[in-house]
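Labels A, B and C are assigned to the chains in the order they are written; within every chain, residues are numbered from 1.
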Amino acid sequence: MTVSLGELAVRFGCELRGDPAATVDSVAALSQAGPRAVSFLANPKYVAQLADTRAGAVILDARSAASARVPVLVAANPHATFARVATLLHPDPPLNPGVHPAATVSRSAQVDAGSEVAAGAFVGDDARIGAGCYIGPGSVVERGARIGDGCRLVARVVIGPRVSLGHRCIVQPGAVVGGDGFGYAPEKGTWVKVPQLGSVVVGDDVEIGANTTIDRGALEDTVIEDGVKLDNLIMIAHNCRIGAHSALAACVAIAGSSVLGKRCILGGKVGLTGHITLCDDVVVLGTSFISHSISKPGVYSSALPSEEAGVWRRIVGRIKRLDSMAKRLRNVEKHAGISAAHVDNQDSSED
Amino acid sequence: MTVSLGELAVRFGCELRGDPAATVDSVAALSQAGPRAVSFLANPKYVAQLADTRAGAVILDARSAASARVPVLVAANPHATFARVATLLHPDPPLNPGVHPAATVSRSAQVDAGSEVAAGAFVGDDARIGAGCYIGPGSVVERGARIGDGCRLVARVVIGPRVSLGHRCIVQPGAVVGGDGFGYAPEKGTWVKVPQLGSVVVGDDVEIGANTTIDRGALEDTVIEDGVKLDNLIMIAHNCRIGAHSALAACVAIAGSSVLGKRCILGGKVGLTGHITLCDDVVVLGTSFISHSISKPGVYSSALPSEEAGVWRRIVGRIKRLDSMAKRLRNVEKHAGISAAHVDNQDSSED
Amino acid sequence: MTVSLGELAVRFGCELRGDPAATVDSVAALSQAGPRAVSFLANPKYVAQLADTRAGAVILDARSAASARVPVLVAANPHATFARVATLLHPDPPLNPGVHPAATVSRSAQVDAGSEVAAGAFVGDDARIGAGCYIGPGSVVERGARIGDGCRLVARVVIGPRVSLGHRCIVQPGAVVGGDGFGYAPEKGTWVKVPQLGSVVVGDDVEIGANTTIDRGALEDTVIEDGVKLDNLIMIAHNCRIGAHSALAACVAIAGSSVLGKRCILGGKVGLTGHITLCDDVVVLGTSFISHSISKPGVYSSALPSEEAGVWRRIVGRIKRLDSMAKRLRNVEKHAGISAAHVDNQDSSED
C-alpha cells in the first residue's frame, strides 16, 4: 500500500515537516529504511541514530525533530503512532469469507458469513463466531464457545467448550484456552478428579501467545479482562483473574485463584503462587517469585543474576551456612559487649 | 441430570441429614449455590461460610455438620465425595461412536467400535484404540501407538509412534507424548543426533495437562506410572520415571533419566536435574530446584520470595559479597580471640 | 536391517576386533543388548559395565577395548559412531511421497514430488517445500514459507508466514516457528500492537523441540543458525539470534533481541533478559538467570539447590536480613578498631 506523508499526518494527528506529497509504502528500522519506508525514533536518547538514516520519513517526538535531516512526522507518542502506521502499510491478508471445504463446522454452530474458517478447522455444536473473524488452519472451537467480532485464531488454536472471547482478540498458534484446571481431591494416596465446570471469559482486545494455556475454572470462571496481552508459553491456572491491560511476558505461571490488578506487568518466567492478589500497577521483574499478596503499586523482584560458576558455587556455600554465620556474628557482638537490644532494633527497623 | 439426596447418600455412602426426596441437578460453590445445587465444605476452618449458603445440600464432614442450616451429606472425605457427585451431575458429553468422515484412520489401525474419532483426527498404521475412547478433533495417534479403554484425548493431542497409554487416561489439548528425547553426541563442535528408539509407557488413570511434553526414551522407555497427574506445560525428558500417584504442577521440568518415587508432589515451576532419584512422598515447593537425589520423605524448597526491587537489589549486592563478609567475620573473630575450632565446629554442625 | 560387523567397521571407520561376518540388526543399552544388538560405552569410567554385556558388539574407544569380552568396534568418538550406527539400523519409516487426500495444499504452493504431505496438513499460498521432506499430520506451513530439502515436521507443527527453514531440519510436534513477537507501544495505560513484520530464518540441521516457540522479528528477522538444537518448551523471542551449534535444554526462555554466540550451551529453565549478547562457547547451568552480556567463554550459574523446607525458610530469613547483618558486622569491626579502608579493599578485591 502506498500513502502520502500528508495523509499519514492527517490520519494520525502528526505535525509533518517535509513534502506532504512524498509517498511511502512500508516501515523499517532506522538503519534499514530506504526512501519509501517510514521509520521511528521512540527514545530521544538515540537521537544520534537519525544522522545516517535514509528513511522516507521518521516518526519522532518534538524534542528529537530538529536533529533529523529527513522528513519527520512529529507525534506525542512516536511508538504508538508508528504501530498504527505499520498496521496501515502492512495489513493482515484480507479474509476469504466462508467455510473451507476441508473445515468441519457443526450444523448447530453459527458462523458469521463475513468470517473465514480455514482448512482443517473444527467448530463444534452451538458454537458462535462473530463477524470478521479468521479461524486459522487446524483450529478447534469446541461446543458452545463464543467468539466475538474481528477475532483472529492464527492456527492450531484450541478454544474449549463454552469459553468466550470478546472482540478483536488475537490468539497465536498452539494456544489452549479452556483446558481443564488441575483439580483433584486426595483420597488414600490417590487423586480423584474434580470436574472443572467453570469456563474462561476473555475480554476485548486480548492477545494470547503461542502455546500459552489458560485453564477453565473449577466452579466459577477464569477471567482475562480487556486489553490483556499474554506472551508465549504462559500458564494461567483455574479461577485466576488477570486485570485489564496487564502484560505478561513469556513463561509466566500463575497458580490457581490468584488475581492480578489492572495494568500489571510481569517479566518473563515470573511465578505467582495461588490464592494471592496483586493490586493495580504492580511490576514484577523477570524470573521473580511472588508468594504473597501485594497491596502497594511498585516494582518487585527476587531475580538472582548469574556469576562465573566457581564464584557462584562459593556463594551458594556461604548462603547455605548463613544461619551459622548469623550466630557467629551475634557471638562476636556479645564478646564486644554490643547490646542485643541495639542489634534487634537495628534488625527490625530494616526488615 | 436430576437426582434425589437419598440416592446421593446411598450411592456415595454419606449420612443424609435432610429430606431424601429433595432433588438437585448441579453443583456450585457455597456462595453461588441455589436450592437445586449441591455444594461442599472441604475444610472445617471455613465453617462460617455455611451460614449464608442457599445450597440444596452441602457435602461436609461430621464435625461441620452441626453448623449447617441446609440439608447435609456427611462424608469421610467431603472433597472426594463432591468430586464424584459433580462427575455424576455434570457428565462429559456422550460419545458419538465411530470415525468422523473428516478423520483419517489407517486401514491397519484398530479402533474399537464404541470409540469416537472426531473430525481432523489422525490414527496411524497399526495403532490400536480401546473401547469407549474419545480421540478429539485434530489429535494425532501415530503408527503402532496403543490407547487403552476409556481414554479421552481432548483435542489436538499428539501420541507418538509406539507410545502406549493405559486405561482411563485424559490428555488435555496440545500435549505431546512421545516426541524425540534431546540426545546428541558432540563431535568437533557440532552435534550428531542420537536416534530416540525407546518409547513412552503411560499407566492407568493418568492425566496429562495442556501443552505438556513427555519425550520418548533414548533406548529404553520413559515411564509414567498409574494415577500420575501432570498439569500444563510440563516437560518430562527421556528415560524419566514418574512414580504412581505423583502430582506435578504446571511448568515443572525434569531432565533426563531422573526417577520420582510414588506420591511425590512438585509445585509449579520446579526443576529437577537429570539422573537423580527422589524417594516416595517427596514434596517440593514451587519454583525450587532439585540438583541432588533425595532419600528422605519430606518437604524441600529453594524458593526465593520477592521484595520491593530496590530492597532486593541491595540484598543481591550483599549476596554477591558474602564470601568477603565471611572472611571479615573470621577476621573479627580472630581479633576477639574466638577460636577457629569453636567456629568450625559450630559451622560444620549446621551444614 | 541386518548388517555385518565388517561392514559397520568399514562404513564408520572403526577398528573391528571380532568376526567381520557376524551380523547385528539393532542397538541397545549394554545391560539390555542381546547377541544381535550393538551397544556402546561412551565413558571409559564405566568400563566395568562391559563385564556382563551380551551385546553382539560394543562401540568404544581404544582405552576401553581391552576390557571387553565381546566383539568391539574401536572408534575415536564412540557416542557419535553409535549415533550413526543406530540411525543406520533404525531408519525413519520411508516417505510415502505425494499429498494425502486429506491434506490441503494451495494451488500456488510448490511441493517437491519426492516429499510427503500427510493427512490434515496444510500448505498455504506460495509456500515452497523442498525434496525429501515429511510434512506430518496436522502441520501448518503458512503462506510464503520455505522449507529446505530433507526436513521433517513430525506432527502438528506450525511454520508461520514467510518463515524459512534450511535443509535437514527436524521440528518436533507442537512447535510454533513464526508466531508474532510480543511487541506493543504503551499509550495511556493501554497497549497498541506493533505489527511483527520480520520473519524467522532457520539454518540447516536445526532441531526444534516439542511445543517450543520461536517468534518472528518485529522489523528484522529472528535467526537460528546452522546446527542449533532446541529442546522442548523453549521460548525464543523476536529478533534473537542463536549462534551455530548452540544447544538449549528444555524450558529455556530468551527475551527479545538477545544474541547467543556459537556453541553456547544453556541448561534447562535458563532465562536470558533481552538485548544482551553472549560470546561463543558460553555454558549456563540449569535454572540460572543471565541479566548481563557475557564476553568471556566459561561456565555461569545462579542455580540455587534446595534444602529441607524448614532449613531453607531460616536461610531465606537470613538472606532477607543480610543488609542489617552487614551493618552489624561493620559496627563490630569499628568496635574492634579494624579499619574501614582495609575492609573496603578486601571487599572490592573480591567483587
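The definition used in the following text is that a residue touches a chain if its C-beta (ideal position, glycine included) is under 8 Å from a C-beta of that chain, and two chains touch if they have at least 3 such contacts.
Source: prediction; values computed, not measured.
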Next on the checklist: I need the common contact partners of chain A and chain B, sorted by label.
Outcome noted: C
Checklist entry - Is the contact between chain B and chain C built from the same residue numbers on each copy (over half shared) or from different ones (under half shared)? => result different
Checklist entry - When the centre of a chain is set as the mean of its C-alpha atoms, what distance in Å lies between chain B and chain C? => result 25
Checklist entry - Using the touch rule from the top of the page, what residues of chain A touch 2 or more other chains? => result 102, 120, 138, 156, 174, 211, 233, 251, 303-305, 307, 319-320, 322-323, 325, 329, 332, 336
Item to check | chain B contact footprint on chain C (complex, rising order) | outcome: 27-29, 32, 42, 77, 79-80, 82-84, 86-87, 90, 93, 100, 102, 118-120, 136-138, 154-156, 170, 172-174, 205, 207, 209-211, 227, 229, 231-233, 245, 247, 249-251, 262-263, 268-269, 286-287, 303-310, 312-313, 316, 319-320, 322-323, 325-326, 329, 332-333, 336, 338, 343, 346-347, 350-351
Next on the checklist: Looking at the complex, which residues from chain B come into contact with chain C?
Outcome noted: 102, 104, 120, 122, 124, 138, 140, 142-143, 156, 158, 160, 174, 176, 179-180, 182, 184-187, 189-195, 197, 211, 213, 215, 219-220, 233, 235, 237, 251, 253, 255, 271, 273, 284-285, 288-292, 298-305, 307, 311, 314-315, 318-325, 327-329, 331-332, 335-336
